[in-house]
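Attaching a single structure in structure tokens format; questions to follow.
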Amino acid sequence: MSTPTEASPDSGHGKPQADHADQARTLVQHVADLRAWLFLAALVVGFEFWARVSFGGTFILNTFNLQSIAIFAVAPLLLATGQTFVIISGGIDLSLGFIMGLAAVVAAHTINAVTPGAGLLVGVLAGFLAGVAIACIPGMINGLLVSRLKVPPFIGTLGMFGVARGTAFLLAGGTTVPVSNNLFAMIGNGRIWGIPYIVIITAVFMLVMHYVLSQTKFGQHNYAIGANVQAARRAGIDVKGHLFRLYVLSAACAGLAGVLYSARFNAGAAQAGEPLLLDCVAAVVIGGASLFGGSGTILGTIAGALVIAVIQYGLVFVNVEPFWQFISVGVVIIISVLIDQAQRRFAGGRVDE
Amino acid sequence: MSETLLEVRNLSKHFGAIRALDNFDMTIHRGEVVALAGDNGAGKTTMIKTISGVFRPTSGEVILRGEPVSFSTPQEARDKGIETIYQDLALADNLSIGANIFLGREPMTKKWGFLPVLDRKTMREAARETMALLDFHVSRLDAPVSNFSGGQRQAVAIGRAVHWNAQILIMDEPTAALGVPEQRKVLSLIRQLKAQGRGIIFISHNLQDIFAVSDRIIVMRRGIKAGERAISETTHDEVVKLMIGG
Amino acid sequence: QDKKFTIALIPGLTTDAFYITMRKGAEAAAEALGAELVFQGAPEFNAVLQVPVLDAVIARKPDAILIAPTDKTQLIQPLKKAADAGIPVITVDTFIGDGKYQTGSGDADFPLAYIASDNVLGGRMAAHALAQAIGGEGKVYVSNVKPGVSTTDQREEGFKEEMAEHYPNVQVLETQFNDDDANKAASQLQAVFARNPDLKGVFGANLFSALGAGNGVQQAGQTGKVRVVAFDAPTSIVDNINTGLVDVAIAQHPAEIGYYGVVSAFAHLTGHSIPTAIGTGFTVIDKANVADPEVAKYIYSD
Amino acid sequence: MSTPTEASPDSGHGKPQADHADQARTLVQHVADLRAWLFLAALVVGFEFWARVSFGGTFILNTFNLQSIAIFAVAPLLLATGQTFVIISGGIDLSLGFIMGLAAVVAAHTINAVTPGAGLLVGVLAGFLAGVAIACIPGMINGLLVSRLKVPPFIGTLGMFGVARGTAFLLAGGTTVPVSNNLFAMIGNGRIWGIPYIVIITAVFMLVMHYVLSQTKFGQHNYAIGANVQAARRAGIDVKGHLFRLYVLSAACAGLAGVLYSARFNAGAAQAGEPLLLDCVAAVVIGGASLFGGSGTILGTIAGALVIAVIQYGLVFVNVEPFWQFISVGVVIIISVLIDQAQRRFAGGRVDE
Amino acid sequence: MSETLLEVRNLSKHFGAIRALDNFDMTIHRGEVVALAGDNGAGKTTMIKTISGVFRPTSGEVILRGEPVSFSTPQEARDKGIETIYQDLALADNLSIGANIFLGREPMTKKWGFLPVLDRKTMREAARETMALLDFHVSRLDAPVSNFSGGQRQAVAIGRAVHWNAQILIMDEPTAALGVPEQRKVLSLIRQLKAQGRGIIFISHNLQDIFAVSDRIIVMRRGIKAGERAISETTHDEVVKLMIGG
């Protein structure tokens, strides 16, 4: 038998601390939490370098580019915000794109109907209200399907994808619905101190959503449900009610996106949000969320959406051939997460297992 | 005899053809610890999940302080003062200890005097204190509970249940993963809760622990009640016999 | 002759003002002739989606099929099934093979007629209009939906040919694909402009490409400086032309296409011979003529 | 204190059985497992009824319809088969559509290059081989990304979506690539006893895949990984190797779909599989799989794919207005899963929790 | 002294700043049961996961039958004859008991004489037998393990490890969820395995169990070895003292 060995008894305190960590890794972790932002920064630097070398221009020190990218990011950002909430809860919302289209069409019709009688301002207000309100209806149905009828979110919202799409096209008569209201057009395309109004509206909205996700019970419950819905239910969280509100919230985000679309393009289009589906989910995932639920932040999603906007804008700016753009966007998306992986390993949180 | 807190009558829970719980009766009074014992698969967990609103009973009644109740969610049970420690813990792995303790009942505070925000400081402090109650001195108060050891996680689940001054505490094998000193702490905690007049259902495979804290023991076997004894009037041997149906 | 003929119209996609207007024209003709019109199509311009629709339509044995084939090669076999089943086929808007039918040669000459505005020609007209607007020189590019859509591919082709042949001083930059997303099209315009501040014009090869490019010009504060030529003329184009967002719109005549399509089919069914090709024209709409009712009637109605 | 009560001791055997179930629910369960097929049957009956009432025709007793639906289902089915494996493992493959396009283009080019020198048969063989082989390359990259570099499948395959798309269009020169090889055309459009060759090929392939999923270690490990990847790893399953092979397999399915596409349409098109993404995932989920992994079957997926094909074909057949078709498809998709839910509850498996 | 099966030298595992295991040494010989004890969070689970290939050690060596090894996956450890029962069980919830026992080593048979298929019958039979070894008599052999009780699932995990004739068995709190008769079965099983010359690492918070089957006990405290004793030369009290560092 081996000789018994003795460790020098841990003097100082009689009872050992069950937990023997210090706070050192918090800083590293904080940086790791910012990884999507770091990648965004790297991307910007990359384009800047490319721009300088290839034609002596600047990519980022150019307010025009900044404005353009910000406007570009508005719609994907708004959809991705709703999607962030849904994905954190462990679900997915495929219907957001057509809910956006529906809202855009309804906002356009409403404004056209109200403005002549009630004036520009009332027209605009009615449009905003109608757009967001109409969006909440499919949101409520999604919520009922997922929470009460236990339909998997993928299927429930895929069904709603079809329903919202059909309804939007029916309401639009299959074409775009031009809006005539100058105030609305001004909101969609005007700026103050060089900042487009729709960017300001979006920024404020994101701030509120960040608050909701990180500082309220609703947000906290969302994380818990995403990590372990059983645990959440047993802890007494009203999971059904939460899921219902959740899908209404995400639909409302899409509704706002739709209204802003109509304002910007002076027309509501049923297919306004159709092409955004993959991009908005990608933004959320690049932002650090897992599709299995339980993790993700609005700040991360903002970075994710900007990453996508910057790549797509930047590749045109540095004049990459169209088919090569497809390839480059793909490669950059992969790299964005590879860096994430490398950092996680470096930050030494949850490991190998 | 002291006031009856909870009564269960003819409670059954079937999973398809499996009768996990079959016409089960029991009562808990104020200031009483009732042990639930029985072999693996006897139906103990099914029994308490049916009380606490996790499962809907196939048939039977639950009567709380004289009133028939029917909890369709655990929330309703918690609201009526029933806290449960589940065998499989039921923690949100991605949240901190404090967030788990307060899950579903988060404290709020005002930022800048008007903006309601989660009161993380209170949660952190309560987490520290609650864990210390069980002799766990945790410093990583912001780490997700997935980073903790089996026993540490068990302690979080216990901490959550005792933090809220529930009238009825249901504990499904609360000490299974705990170290020796922590086990003792939990037992003394149970005594303390009992002294405060709470009613406690204590499930364990450890007869020593059961005999150390309980007033009464109910033995289950294959979904039915195999026997019920006052602790003072029974022995380990008799209980084991009831368990194996010998 | 009291049999009521059923004529099916299968568009390239259903969610497009162009085809919806075509349907209007077809319905008008059907009503006038006492025929019944069936309108069925797929939600995207893609052969995989269009063929099952075609099959389901064939299964109902209509008396004639009008179709905008989504690919000139890939729709040959599926359409042959209709012809083999004795259903006359007329292609509208787009064609199969080389678009020359009833020649007795090749495997794609079985359709009776091709009724369309030639998309290559449309592209050429757009080039011409844009070149005129920018004074025959400078940088332009094509804002296009996505590769693989025959109509828009042909417009781009015609546009580039025309520029190359007749406007040597116009430099056509890389095409940008926007996936039918106006937002992306706008952003691309801004990026192209940021890189080429001397950008003179853009050709939006379909509705959303033009709508987006126009908005991009506006966002860039270049309204009136960067010229926008749009293909197609949905109702919203009137506004866009009036506000200067779009300088010129090349309107096809979808209602005419639909109308002639049904008339041709009906004529064939009632034993008349029909021409194998009918070209419907284009109308070039700009600020000067947009109010003119003779022009305005070519705005796609909803 | 309450009086101690005694249950009549369980006589017969000395030691109680730990488990007190009987086998009764197996039958109910078997029916429940068929739920997607039941729904399919209901759908067919519905259309038949509609067809008879509305125009006195028949929907299903019409070989032309059966053939058309079968052919229609070929491509979605092949993609959904690969997707089934991936989804059961807890992943998702977004790149399948463009891998299919890539394979279609490469098969077309290869046949055109080989046939003149080597003849029809060799040309066809070369085309099949080249199409499937080329598809395996993106599959391998997906596999490496997911297994070695721990990129989330959504992001890795979204990146590959772009890369395969760009590559396919580059190879196709941005247009469709017509094929000239009569044997190939015959495979794509010929039939034997009324059954199209491509349907036969697909059916055989599905049978093999059903075998692989249900009867081999590979299939078994796939289920285990999807349910609990940690447990699978600890049980000694080579998770990395498995995931690599998995994504190659799913890409190979897409490759076959691409080759058959070229055969059928006599042309390779880069966008061949583009619109199939959502439908193929929906087929898998309607077939009973969970996007969280661990469940799903090939038989279910076949039913799911047929459900989608039948709705889409049937709605055109009974002449529903296009925009109403969107709505109807959406509603039917939701109902398909509602029935599933109701049955599960009825079958009494995993409950309320 | 009998042959050394496994030796661990200076093994450390850090999670970021947390030293869950710090310069740990131990040895196991053929036919020996070594108990690993220590308070919650002492590092026991981390220790055995580092041996069994779940974690890569931060530093240190594992020597198997005289040869340094470095398992980067649990597969490699299993292939070298190390079976582990994990504290958190690690079962594939959607699979049957048999499928779990054979996970990663499924038996095959030929259908129609040529087609290799999974041999589900063998798996089912082995499942029945293995569970019976532990006194569990299960009839639902095709039900997913998620349908079983806590203790039943624990038995599946134990069954899996003992089914394979591994030279080294690592058991992390194997009896925590078991009923009294099953606990005894497991202890007698351990004695049997020992008699067959296997080496066993036995982690438990139950000193009685430890003293009943072990030859040696190693006490951990905060990631380090707080002491090592032959069972015959120590007492409960001494062990508890080592645990709490008193």
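Residue numbering begins at 1 within each chain, and the chains themselves are lettered A, B, C, D and E in the order written.
As a convention for this text, a residue touches a chain if its C-beta (ideal position, glycine included) is under 8 Å from a C-beta of that chain, and two chains touch if they have at least 3 such contacts.
Which chain is which protein? Per UniProt: A, D = Autoinducer 2 import system permease protein LsrD; B, E = Simple sugar transport system ATP-binding protein.
A quick note: this is a predicted structure, and the numbers were derived from the prediction, not measured.
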item: Chains touching both chain A and chain E; value: B, D
item: Chain located farthest away, centre of chain A as origin (C-alpha); value: E
item: From chain D, the most remote chain by mean C-alpha position; value: B
item: Separation of mean Cα positions, chain D and chain A [Å, integer]; value: 29
item: Inter-chain centre distance, chain D versus chain E - centres from mean C-alpha coordinates, in Å; value: 40
item: Centroid distance [mean C-alpha coordinates] between chain C and chain B, Å; value: 70
item: Distance between the centres, which are taken as Cα means, of chain E and chain C, whole angstrom; value: 71
item: Where chain E touches two or more other chains, by residue; value: 15, 18, 39-41, 54, 136, 140, 147-148, 152, 155, 244
item: In chain D, residues with contacts to at least two other chains; value: 15, 17-23, 169, 174, 230, 233, 323, 326, 353
item: Chain C: positions in contact with at least two other chains; value: 14-15, 43, 147
item: Of all residues in chain E, those that touch chain D in their complex; value: 52, 54, 73-75, 78-79, 84, 86, 89-95, 99-100, 103-106, 108, 111, 115-118, 131, 135-140, 142-143, 146-148, 152, 155, 160
item: Interfacial residue positions of chain C with respect to chain D in the complex; value: 14-15, 38-41, 43-44, 46-49, 51-53, 55-60, 71-74, 76-78, 146-148, 153
item: Contact footprint of chain A on chain D as seen in their complex; value: 90, 92, 94, 145, 149-152, 154-156, 158-167, 169-170, 174, 230, 233, 278, 281-282, 285-286, 290-292, 323-334, 336-338, 341, 353
item: Complex contacts: residues of chain D adjacent to chain C; value: 55, 57, 62, 64-65, 68-69, 71-72, 75, 169, 174-176, 178, 185, 188-189, 261, 264-267, 269-276, 309, 312-314, 316-317, 319, 321-323, 326
item: Chain D residues within the chain E interface of the complex; value: 15, 17-23, 26, 211, 215-217, 220-221, 223-224, 226-228, 230-239, 294-295, 350
